[in-house]
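Here it is: the structure, laid out below.
Labels run A, B, C, D and E following the written order; every chain starts at residue 1.
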């Protein structure tokens, strides 16, 4: 019944922003779109939904052309059968929560009682039944977000477009809803697109990840691809890794003026090198032993997250290391202190740029 | 903010503004011949006029709703050539002296008018001197209020809600009915009340276009006008009736429709 | 005007508009030191203004009732003078499409007939005339003034109506007159009086001009009959 | 949504609605004596009347802004006893036949009126027969439009923006000026335009309260009334002038004020 | 100049929600308020700001009484001198970004040029200078949130109240803004309250944490207190720990019908026991050796976060364990499989209930 999404999209915003993206979403798969603020993620959703005119391009869902600037085809939003969570919810302020969720069902022709029953089911699943009679203005932020999710899921659309659907939820609810969402997505037959700033959410829920930066797609891959072989500094931040750009030759990568020993002796030419923060060891004296990379630097920032501590270091490579609080205690270092840093050659991931 | 009092200057100006509406009414009340009030209001002409007033004003409000609302929506939501001009034209009935407005209606919808002639040939309906004419005249004069109020409100509205509703599968008709109109609710109510009140008080265009026959086209304002020529006390009494009827309706409706918020 | 001319405010019934505009021009030409300021409106509105203390020097009314109310209120200073008369006539659209010949035709059901409201002078007079002629008219509208009635006759919306003769003269080619015989016609009388105010002598002077002076010729030119 | 055409039924109704305003104007234009237009409009009375019309309508709009805006704000934002009644009273000038409205003003603000007498004793200002009287009459009749439109818009507004502004240290005056009024901008403009247009076309209350003195209180609608008596062509020509002036102002202002969105 | 906040607050919402809280925020300290959706966090801010009437209570800031229902004192919002980030920003839609940020400065009497200069400085610090001329409606979600933060910081208030100020930010920007915010908070003289759903943010930025649940404060303590000794299941979720409620006696805790061996032999009576997911070992066969707690159960869910995997188990204790992806691979388990679970007695934290 439902099929994949094929889209090639160019959208211009008055301010000069320019979105240029090509997407293929398979039916039954979840694609997470990650990207910095202002990268164009919400714009992408609006364009797919037909709420923003394409400057150029083509959108087809399950073989049905929704938009084609060349052929002059344009299917209006109400006929696209999409389920959307808008970033700022856009709950109808004059309707009760129940009516908001039942709205799509009634708009698609269900009788009032059937629509209300469907809406109640969903509200129950999202722990919202007690708010059924409330107006959106009388909900907390997280409650409103869940209502928005319920509204999008209610209509059994051909495709799901979720713009940060869990951003306002508390840890407990988020964990629960991640499960609900994972189950829901698993049983949803069409393609689904999930926009999020939470890498854990993306890694957990997505089959494939698109990285969108400044209006262009900079990397596409499986969660592991992105995590282990990020190709931009944003993607590296997602993975929590250090990313270095250099030139490889004969078992070494030249990063700036610094040479980093790597295990892979066959790598040659421009490469991206990734180093996980936990693979970096810190020492107060020069380390001996096997690590082939070691240098002295100074501490620029220490961040204590409770169960782990991130230590940022100064040049030559400005790497961030992650250690445990006891380890920090044992080292006894503070910001500005001199420190030694060592990395095993095998811990430096290398991929061609 | 419920605990607060308005700042002095604004409260003062608001009081002066309120006095503006209250003082003339008190003046009117002071001149009311309370003793023969009952007699005057019991007259058959007065009853007829009140009934006609209610019918025409309600009729005009309905016409305004069915024609004015779509017009406001098109003006607010679509770009087309001549839109600015059309928007200006909508305000014309306010600007035209009522007598001229009535005359313009006669030129157009009268028996010899460009549209009135064909209309009579086709349907046998003669607008002037009939209640339909009174409704037409009242609609012409009162509809701008609905159009302007609603258009302003539509422009104030965040259109993304309408987009969200469309994406949920709602036709534009459903969007309008279930999302747009409720969201501009208070403005719509304001517009309808303005329209109704204006139609209720309508005088000039009606008398010029529809004439003034007791029991057929003589609404209360016309009866008041005629009485004013001779029997001033009766005129004041009937005006007070008009005031009371409208106050009752306005206060009740507003409280009901706005109470929910 | 902001100059030093003495001002006399003259409130006149709307049906006297043209005549009094001409009177003003002539009088000011003769007496440049006086500025006649005309206040034209419905008789009842003019009456209300004066009752509420509006500064008016002269009031010219289309009937006696309004002036009598002012006399009762003690606001009239000096005599009430009848200065012009008029006659009723039947007005029909150009070409007389309904073929109206006399007052009796006003009882025809298939015609659209207009009269002035009995509350205003022209309707009052018309009712009297119809009563004298023994005709029960079937009006479709009772207009608030002659002007409104004529507008509809001119537009062809009404087939006939009873108006003043002077109005036919002013209305031009769009209307024709079907005369009402003198024996059943009603004499229409216009009255004028000075209202208590400053510049009494100027007000009286203007009234003299209208009642006895060269104003008479102007009134005659406008189609009025003189007493 | 810019690519879309309005749905047929609504577009059709909107066209009928538009025809409602356009057709009578065409009727008027068809009767215009184009040849003597220049002569008529060149007359001194017409120039005076136009000037007076502009002054009084602008004056009334300013009065409405200074008194009506605070009143609307108080009505929308504060709870007090008699609020519902006051809201109803604000609509009275629409309902009262203009002659009665004028008479009520005379009862109150005339020289023998409850407020007019003391006012004359204190300041020497006589309202009837002066331009101040004309402005007062026009304000009385036109102010409700501002009050009602603005009150509706204020009720539509999310008050949390005002709270956010207050928390940033803004006095309520600043909040009103910089946050509230801009946010209800289109409705405020609508209200002001309605007010101005209504004041420009005002006839009945003015002729009753302020008289019809050429060069002093005779606005264009009053001049049209006088001309209607004899020189009908002049009346139509002047009406057309009124139409053109108002169209020019409305189209220009609306485009400018609403262009920014 | 600026002093601490002393507040005792009761607020009622029409729906029946009831907030009852007592807070003491010291000058120069940051308090994070954490709590589930609908706990009353935003309500608390609105009440402190004077935007919501107190049903009962008293608020004093630096000795100045802002609100006292008994004495009838009420200082209007514009005189409270607070810097607030609202959860849904409430940027003024009719003003440019620059005017939004300069608004507070101008409202407090600064000249237009000085206010604009101040606003530009802040916009620059938050990487927003390029958007100065834009309307809020033309910003992305994350950009708008940063503008809201700039607006709140601009006025140099006596107290900061930040309602999820970083929720909509991408990972990179969030990390950067955490630093900016940490620096800003450090130099801010008054008390500051931070509402967040991100435990890392709270642990990093706060000196003290209030846990608010269903309108009542359920725990107050240092970040370490909350992390190591959570007293509610919500707080345990925050810390990522397993929380068990039981009764201790003679080196054991009775949880339901299960006995858990603990290291602390002196614990007695009702206790809370916490077990960190990483302290739980998984085995496919019965483990030997030192762990004193071991039992067989089955796997109910496996969540792969890329660099770590969380494995949920069935009864008797329904614990979640965290292992590495290679470990998962080595175990070769799937949902429904039988598994052994072991925990060292020393890894079970116990505190009196």
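Following the convention adopted for this analysis, a residue touches a chain if its C-beta (ideal position, glycine included) is under 8 Å from a C-beta of that chain, and two chains touch if they have at least 3 such contacts.
Computed from a predicted structure; not experimentally measured.
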item: Reference chain A; chain at largest CA-centroid distance; value: C
item: Dominant chain pairing [most C-beta pairs in contact]; value: B-D
item: Euclidean distance of C-alpha centroids - chain A vs chain D, Å; value: 56
item: Geometric centre distance via CA averages, chain C-chain A, whole Å; value: 87
item: Contacts with two or more other chains, residues of chain B listed in rising order; value: 1-2, 4, 99, 103, 106-107, 163, 171-172, 183, 185, 222, 225, 228
item: Chain C, residues touching no fewer than two other chains; value: 42, 44-45, 48, 151
item: In chain A, residues with contacts to at least two other chains; value: 51, 76
item: Residues of chain D defined as touching chain C within the complex; value: 99, 102-103, 106-107, 110-113, 116, 126, 128-129, 207-209, 211-216, 225-226, 228-230, 232
item: Chain D residues within the chain B interface of the complex; value: 1-2, 4-7, 9-11, 13-14, 16-18, 20-28, 30-31, 66-71, 73-75, 77-79, 84-101, 103-109, 113-115, 139-140, 143-145, 147-149, 151-153, 155-156, 159, 162-163, 172-173, 176, 183-187, 189-191, 193-194, 197-198, 200-201, 203-204, 220-221, 224-225, 228, 235-236, 239, 242-243, 246-247, 250-251, 254-255, 258, 261
item: Residue numbers on chain E that touch chain D, as the complex places them; value: 46, 49-51, 76-82, 84, 86, 90, 92-95, 103-104, 107-108, 151, 155
item: Residue numbers on chain D that touch chain E, as the complex places them; value: 160-161, 163-172, 174-175, 178-179, 182-183, 185
item: Contact footprint of chain B on chain C as seen in their complex; value: 42-45, 48, 65, 112, 114, 117, 119-120, 139-144, 148, 151-152, 155-157
